[in-house]
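Presented below is the structure to which this report refers.
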Amino acid sequence: MQPGATQEQIKDVEERILHFGFEIHPIYGVERTVIAAVGAPELDRSEAKEQLESLNYVESVTLVLKPYKFVSRKFRDRTVIPLGDVEIGGDTCVIMAGPCTVESEQQILEAAQAVKAAGAHILRGGAYKPSTSPYSFHGMGIKGLELLATARDATGLKVITEVMDPRNVEQVCEFADILQIGTRNMQNYDLLREVGRAKKPVMLKRGMWAQYEEWLQAAEYIWIGGNEQIILCERGVRTFETYTRNTLDLNAVPAIKELSHLPIMIDPSHGTGRASLVPSMCKAALAAGADGLMVEVHPNPAKAIKDGAQSLTQAAFHQLVDELKVLADALGRTI
Amino acid sequence: MQPGATQEQIKDVEERILHFGFEIHPIYGVERTVIAAVGAPELDRSEAKEQLESLNYVESVTLVLKPYKFVSRKFRDRTVIPLGDVEIGGDTCVIMAGPCTVESEQQILEAAQAVKAAGAHILRGGAYKPSTSPYSFHGMGIKGLELLATARDATGLKVITEVMDPRNVEQVCEFADILQIGTRNMQNYDLLREVGRAKKPVMLKRGMWAQYEEWLQAAEYIWIGGNEQIILCERGVRTFETYTRNTLDLNAVPAIKELSHLPIMIDPSHGTGRASLVPSMCKAALAAGADGLMVEVHPNPAKAIKDGAQSLTQAAFHQLVDELKVLADALGRTI
Amino acid sequence: MQPGATQEQIKDVEERILHFGFEIHPIYGVERTVIAAVGAPELDRSEAKEQLESLNYVESVTLVLKPYKFVSRKFRDRTVIPLGDVEIGGDTCVIMAGPCTVESEQQILEAAQAVKAAGAHILRGGAYKPSTSPYSFHGMGIKGLELLATARDATGLKVITEVMDPRNVEQVCEFADILQIGTRNMQNYDLLREVGRAKKPVMLKRGMWAQYEEWLQAAEYIWIGGNEQIILCERGVRTFETYTRNTLDLNAVPAIKELSHLPIMIDPSHGTGRASLVPSMCKAALAAGADGLMVEVHPNPAKAIKDGAQSLTQAAFHQLVDELKVLADALGRTI
Amino acid sequence: MQPGATQEQIKDVEERILHFGFEIHPIYGVERTVIAAVGAPELDRSEAKEQLESLNYVESVTLVLKPYKFVSRKFRDRTVIPLGDVEIGGDTCVIMAGPCTVESEQQILEAAQAVKAAGAHILRGGAYKPSTSPYSFHGMGIKGLELLATARDATGLKVITEVMDPRNVEQVCEFADILQIGTRNMQNYDLLREVGRAKKPVMLKRGMWAQYEEWLQAAEYIWIGGNEQIILCERGVRTFETYTRNTLDLNAVPAIKELSHLPIMIDPSHGTGRASLVPSMCKAALAAGADGLMVEVHPNPAKAIKDGAQSLTQAAFHQLVDELKVLADALGRTI
């Protein structure tokens, strides 16, 4: 309560809290009164907080419990998602690699074979592409999905691709092994609900503006929609630094491991926007304990339709995976 | 070019630029070579930039032209959107007011009558509500839309409400006079394309992470989809300050006026998250030249389901509008 | 406490809290225990917070009281600082104007006469200049101070200038009427202590990274050093937006008025970095309730040694002040 | 130039550029004129940029060269700073460890012996402490410096400690082996000049708001002051994330290695503010290629006067160094 709150005002707040279903424990100090509230486990506490804070005789309201439940570390210790021969969230650091965008059959097949040969587990490639500019290429759509499936058949790699529109979820599920929710859609709730009904694992990228807590709440949307196969992916946040395209936040790895049981991947290609920084940040992510890496690799970055500046060549990727294997070994993990 | 780039590398870059359709104007300095490129007006230059930057002998690529065209100030000086008796973008500072969420017939009718009496032009109210927590109230949906229409009929106010799902655009158009795209959906491109096909004005809120340039590119999506009735709305961005819920960026008002011909509204309720700051920021927005204000008003903020802490009481709103009228007069505008 | 904390751990925390001098009020819930602590008014609570949070059986520690006292709104309602004919913090919106840097006698005299004629109250001008680049001009030093004094004598305007080095405080006090602490030095504690001993008012600019709370704590340093004549000045913070040099945060005006009794000025020249945005933001600041404005004005911005891009011409400044007078009148204030 | 600039305006800009000492290379396009300028190597280009941008017929000015010279990677490939048996910037990842603050002879001796036994090379400990709150402990001052020297004599560890006031530089040099400039003082130019005259290596922490370019310009101040023994240290920047005290930006490691020849350290204790995240981020920093680590270690974190929540226990630190040694080995480096 504000200092100087009257008996009546204190009583009003106490009644409101009881009405929400809490028990109250008031502490009457010399300068001010603090009213602790416990119980009411099923309530959305943020709503109670907002209502109480709107009273001008309430100084502040502090929530003690986390605003998510099923994706919390308190609910479960660790989630491992099996996917054919691979396990996401296990001892192996899973590597997803491939071009930003599916451009042609030749390009995606060449990329798939190269990343497979280098040691990647999963092929990435965009069929539906979010682009800041309306004049950019927006992906090949259904044709791109078919080419991804072709590349999967040719290499045995599993396939991850982005879904942007709730109306396309079913279609993308026919072709992809993992659905990706991009950074711009982290709080696209109708899309989250739709992938919550899907039978495929979902990789949820962090919004470039999102706090860990908001990211985990977005994951909770998918969970309570019925889909517990959720993978988180950090891909850089917005800061004042302009040398990198985003600021890749590796603190997210140990922080999310403290807060949640879900696996966490790192995408240094989008996180930094510069191919020259990607190898160092891949090693750093592995050493920090990331469950996997997502790396853009293109047969010819200088001809890539999108994101060439952040794509590794196939040779550079192969060398990187070799170096990561040595590092994984020292960390008691595998690639 | 990097210092020390070879003749061959310079030639390679020149050929790539010509291939994109530009003319080249190389400048061979002592320390380094700069290659200026002009022409190629229809190209998405950001793609050319990315491809060239992926070459390790290119130091940097600078774009001179803006990445949007139709929403630019160079395309048109000023857009005025007529809406019944009101004009958005004209001399009148348009006031949109109402509760965050439609909660009941009585609540929305009472709010509508109160904001009308105070002098508001447009009623706001959410039927589909984005909520960070999956456990929060997500709005009354179609029932909420019907109640907004009831309130419109009862008061003559125009109605604005948010649409989140591309599958609902048609339905929302049946009830609303203006479609609102919320901050989380500023880069939900399938939704932007869908409202680009609608026959109703669209208010596009700034993404809480978005630069002005990205915001205008999102508007350009709607424009080239076929809908030129676009209103921008600043509602606060993410910073390190925690006292306010967001940092309302009033610089956006004169900045957007320099860059674009579209009207710009200000939403200090979400922008600050604190009812006590709303009146001052409304006055500031009007003085900065905003085309309108969006204000949360609730018959009883302390009982509001959502956003009570940032909602004005009806009495406070009435007094605010009275003060704004005096200010508008001094600025040669009207409310 | 963490859920599952043992009796022993709870007892340990209780003892630590008592040892700090607090009374304890434990609340034993089903899921977890909360220990409320009241009293110990003289303690630096942030240190108690840090120590308790380092215990792995403590989940979190929340402070209820503000970490500053004398500059708080609870200590006093409003501070007015008299300065010759002017009062800072009173009904008049005080205008400080002048060039970024003192460049020559002719320049500063011409600028001083022009801003005086337009209606400014105080002359600004840098003698010691912080510059990001070591190769930039760093000001005329003592010669610049002398020229400011000459301009004061010629016009009757009071003079404000920046002090950067604790060793120069005494010298600057000989020439200036107000000492300015720049954004980069907001947490330069030895400098704050030194101006705390000065007999001249101090204008403390907000650090471009600083939360309101940190800013007020910096002001508290000056206060407890013995100098109660403190003026705050918002000048833009760091965000991801690059169109403006900084993001001027006008929310600071009503927010600081809620939290503190100190006057608050706005500097839109540094806050936006663009002369074209300055007039709109000056009007907005006045309408938000700012106690004053600080504006860069230069006889010839295109020849200014520093900050030409954000300086108004003398004619533009004159017109701006005329418009501000009309606005002030409508707001019941004066210029 | 702006589209539509007149011949006269173009000529004016050309003359200004020639006056600065550049050669000009104008490109007259259909829509607009671009004027390239080369030469004038000694000029502070940011001043030329600002002056030209203040002209309303100039659309934008782009700088191609970096605003620093001696600390640039183009000036030198790699700097190694020898310090007794240790080399900073060489193959060994140097470990600086110790308490935030020197509290007593017993505390600093115990900490020094423990970090030495674990394998640290350098002892850290604050004698002059910057504190956000004026009511916090500000360090033991000269007595703290003497105790650091005692700990050095007892263990053979080199000593690093912060200097905040230009008036104390000489004194701190008598006791310390490395001078630390804290984050709040990164742009305290008088202090930078003073340590530029010192004969001891300087570790320059990144300002929590500073871009890489600004950080390197601050280092350039020290260099041109005469001191080339400069070490950079990333310690977290300000973002919207609140779970961590700051956002430790590991991208700085490969980015700074691209831009500069100076060694770069990482401080995960301040960077995250949470002891539980420190070990993971130390491993990540090493894998990213950091030249060293700075870690807070306290004999009893729960009794630490400052920063207990981010300090490791001695046992945890010992285990961490053991794990880092295995990792360093796999990376071809040593600890």
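When the chains are written out, they are named A, B, C and D in that same order, and each has its own residue count from 1.
We take it that contacts are C-beta pairs under 8 Å (C-beta built on N, C-alpha and C of every residue); 3 or more make two chains touch, one makes a residue touch a chain.
All values reported here derive from a predicted model rather than from experimental measurement.
Annotation of subunit B and subunit C: jointly contacted by A, D, touch as defined at the top. Distance from subunit C peaks, on a Cα-centroid basis, for A. With each centre defined as the average position of its C-alpha atoms, the distance from subunit A to subunit D rounds to 31 Å.
Chain centres here are Cα averages; for subunit A and subunit C they lie 38 Å apart. Averaging Cα coordinates per chain places subunit C and subunit D 26 Å apart. Residue numbers of subunit C whose C-beta contacts span two or more other chains: 209, 238-240, 242, 276. If you check the complex, the residues on subunit C that touch subunit B are 209, 211-213, 237, 239-244, 247-251, 253-255, 258-259, 271-272, 276-277, 279-281, 283-289, 326-327, 329-331.
Every residue of subunit D that touches subunit B in the complex is listed here, in rising order: 3, 25, 27, 29-32, 34, 36, 38-39, 41, 59-60, 62, 64, 74, 238-240, 242.
Against subunit B, the residues of subunit A that register as touching in their complex are 16, 44, 46-47, 50-51, 53-56, 67-68, 130-138, 164-167, 184-185, 187-190, 207-209, 214, 217, 220-221, 224, 238, 275-276, 301-311.
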